[in-house]
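You will see two complexes here that share subunit A, one where it goes with subunit B and one where it goes with subunit C.
Up next, the complex of A and B:
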């Protein structure tokens, strides 16, 4: 009883949790009566000669340990182990050669396991710090990946529609040299050069427009208009002008990235406060030193915003431009040719590379932003 | 307004001048060659005139593009595939369907994120990560895959548009649904209003300005998505197909006309959203 009064937070969670557990346990009990799969035409139940009972016992032990743990968070970790064990079961059954598409007991069991995962994430989302910001989204992503693998393999979805992640990973490993060449052509050659040129040009013109307000007033409405028009449509024209190699891709990227960078830089340069500018003037600082020492540092969050938007735009521009013509290498070329040959696992592997590249670029920029603008109010209190 | 009109006019004129100079410069060699082959006089004015009137120029002049656009709009019935309005409508149909789907998904996700802490912690990072993936670049593959399971025509393009649209809407709506005044939320509680009631009567109206700001962004990228989604269908209908066939046959004037039409389309759609915003928010007393 003293336990209840000292920790009211825990007790309220406990009462809520018990109902949750009942809701999870009931479908699990129902699942025990249903088959888990079919082997050689024979319907197998839970105790049909596989190791399924062992998994079941493990999950039950984990849940019992979780429910009786002295702290809710420890319990969540124990339950997480149970969830992991539950989702490993279909992989084991697939290795045993079972056909899972009619194993409704198994699917019901997995649905219950997903509910359990939801509960675990609910608890972990209440823990501030790394657990909340990294582990919970990580679990969500991992859950999606495992669910994709199990559902696709369990229901035998044709690979032409959606290959399981394991096959994509295998294709990634098997075609690593080809994919590396594509990566080098598209990202290291076209994207980086176009990105640097486009962002650099946008930045320099913004500085110029800052000096000459007439230019800024003329360019800003045009920039807003440019954000409305489908710039990517100039890809065929650029391929016609600059040929099949990286120059045409870089040209598309320059046009796509120029205006976002221009607009963001101009917005950032206007972000210094009157009082700071007055202070600089009282120091007899000229335009140049005010720009370098006050206004550009103040504009950094806006600059990074533009750079982040452009990192995705640049990848898109390069890949789409490669659809219109390219030397026989490059991510856009790979996607369009392998789609035509129905080698979808290579296509998915290329997409995985593109996704990782996009997230990597974004992450690197976000990290750089953290390092360089740690002093800025938008970064405080995190 | 007048303060901006002059600079914008000057910049536009400069742009047009640069366009004409660029057209002359890029088309010069080809124009000179044509004249030489026909053994006609090739003075400066002759070559310039030739460079501005070529049938397949490297860079068409603005007047050529406008004439092509005008001919296509007025020369054929709006239902004819030679009329750009027909193609613009095909693209707009996909873009708007995708926008509607993205709107539904975005609002649903935002409501989930605002009301459920678990979703906020687990889903929001992935919503952001989903946009660092160059989805537009893999759009053609989505069209092909959906084609494999028998989904052709409008829907695959709309799915791409939906994927592009839902992000600004989700982010805007999360902000918007949270923008309801806490005092009013407390007031709702003193009325013992249900969560549903508070959502419909307070949170949703409060989020409308955010929704429209997001919609303007979404509508523009939705058009881009529809155009890119039309690329792999290989010249059937739509502005993207028009771009592709123009690029196959070297019809540069056609490409530019399609590009201008696409820009007009998205500007028009944004204007419609802005008009809706004025009417709806005006009714709600926001202005």
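Up next, the complex of A and C:
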């Protein structure tokens, strides 16, 4: 994208022709010769009475605008508009009642549009700030959703195997009250309590083990043992011990999160350099002030590592544990009962809630980490 | 880079606090006393004798430089004085106490070979760290930190983080941090090693002014003969394998008040020559 500045007269072959665009244009031209779909048994081409030509013209205009934009980034935004338009075409054709499964011209065209998106993302990923950290991942996720929607509907995948995202969203909206109750039971009650107890206990025992070396030596091998225990093994036992309600789920989560937190905290506490410790010693600092003023700050990246791993473990633990007994509410309960009733839309909606919750927790922790460890070499300048 | 006029600093220091000045009458004249001090590091292959039968007496108000080739045990000797390392044999006393007692009484300030700043603290809070540990009130902590940062020419950098500073600036912060403790004994391990010549001259001038104004006892490790002669009242020449003292050179032929031009004097040249001869002797032992 610095071609313009280094070569103002566009003399080199590289700038005279945009070979990337040529490589994208060739399959597009080939696609024009192939059909876009089938209506009532009749094969339709690009100019078979749909609005496909308008989309085509729009995309070409966007690409031309992109290629002649004075700044490469502006060009990328124009090309992005073209990509969006290209991916709207199959939705239009579906609305027209076409069967797209044999529309190879359309699919080739969409493949070319995806290549164009690749180029756009390459440019946008180089723009610092919000564009790189929020817009690029957001576009990536959106692209996956749109691709999923178009492919599932275009090839008429049965909804029982994989519903399109729009259908999952509709199920989410339709079942919102039930899903909210499940969320409250599983996340706000079981996961949060279990997570706080498990991580807190792991942290406190790590501090104790740091003072009492034999504890560390005895506990670390146990940690490997515990991480090898499958959730499905401990969950029924915990339900027997602690009953159907949140206590048993919290217990499963404590078992799952305790050792990762312990191990990460111990590793973090051992992370201070000798010279930093010598400095504290030269001030005649006691154990407590060395811990608070030196070793814990140094351990922060490790602590966050443990907390982030545990946020996903806790969610998985709670959902799986609910398979083995729960009051008639909860995300795991919902999945297990609705699968049995072949009510898959609500299952997918629950999965979506779980996925959003997991990434929300993880994201919040990552944000907190960025704020509290901005000094760490891995975070500087980001 | 600007430095405050050293003379202003000296006056400020002299008038600031009576307690900062040494009171020789009340304390013993000997600050560090080492007798037949030896230290052997037990390493995996074969033990390393870092110090062998070192005898050294440092009087109150002395400025002693340790000079010698890399690996001759300068840092080790300083660490033994600071109770960061236990000698294998021999005796050492700091102000008549064991090094541990001296450390617990926070009698010394130590400037390490590397800055050893904490990256999560701003420059100012790094300088305030020892004062926090000593439990000094917040206002006084801040005042002392500001004062010492000004002394090393870093006013205006209080809110920066160490990794936003150059290596030489970081080392100056670590000097300010040691000075903020206001110790009677200042142990410095190549504090100016990372600095350019001009900054080094400035800080050397500063250090000698500070030393004269406060009557602190200084033990200073360096690789530079000129720096050692300029600053010291006595120069200890060391030699490696095993680490030992080859020569102790008195610099009493130089005036106690040092200015940069004494470096041109014949006395200066004579002492520098003797130091160089001593260092050569240590090296020839190797061949």
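The rule is short, and it goes like this: the second predicted complex is superposed on the first by the 348 of 382 C-alpha atoms of A that agree within 3 Å, B and C clash if a C-alpha of one lies under 4 Å from a C-alpha of the other, contacts with A are read in each partner's own complex, and residues count from 1 in each chain.
In this section, a contact is a pair of C-beta atoms (placed from the backbone, for glycine too) under 8 Å apart; a residue touches a chain by one contact, two chains touch by 3 or more.
As the structure is a computational prediction, the values presented were derived from the model and not from experiment.
Once the complexes are laid over each other on subunit A, subunit B and subunit C both fit without any clash. In the superposition on chain A, contact of A:276 is made with subunit C only, not with subunit B.
When the two structures are aligned on the shared chain, A:178 is found in touch with neither subunit B nor subunit C. Look at A:126: by the touch rule set out above, it reaches subunit B but stays clear of subunit C. In the superposition on chain A, A:315 makes contact with subunit B only, not with subunit C.
In the superposition on chain A, A:219 makes contact with subunit B only, not with subunit C. By the touch criterion defined above, A:67 reaches neither subunit B nor subunit C.
With subunit A as vertex, the superposed Cα centres of subunit B and subunit C define an angle of 80 degrees, given in steps of 10. In the superposed model, more residues of subunit A are touched by B than by the other of subunit B and subunit C. When the two complexes are overlaid on their common chain A, residue A:139 makes contact with subunit B while staying clear of subunit C. In the superposition on chain A, contact is made by A:293 with subunit C only, not with subunit B. Taking every C-alpha atom of subunit B against every C-alpha atom of subunit C, the smallest gap after superposition is 17 Å. Subunit A meets subunit C in the complex at residues 273, 275-276, 278-285, 289, 293-294, 297, 373, 375-377, 380. Subunit B contributes residues 3-4, 7-8, 10-12, 15, 26, 58-59, 117-118, 120-126, 129, 131-134, 136-138, 140-141, 144-145, 148-149, 220, 223-224, 227-228, 231-232, 239-240, 243-244, 246-247, 250, 252, 255-256, 258-259, 262-263, 266-267, 270 to its touches with subunit A in the complex. Residues of subunit A that touch subunit B in their complex: 118, 121-122, 124-126, 132-133, 136-137, 139-141, 160-162, 214-215, 217-219, 221-222, 225, 227-230, 232-234, 236-237, 239-241, 311-312, 315-316, 319-320, 323-324, 331-332, 335-336, 339, 344, 347, 351, 354-355, 358-359, 361-362.
The residues of subunit C lying in touch with subunit A in their complex are 79, 82-84, 103-106, 108-110, 112, 114, 116, 118-120, 129-130, 132-134, 161, 163, 181.
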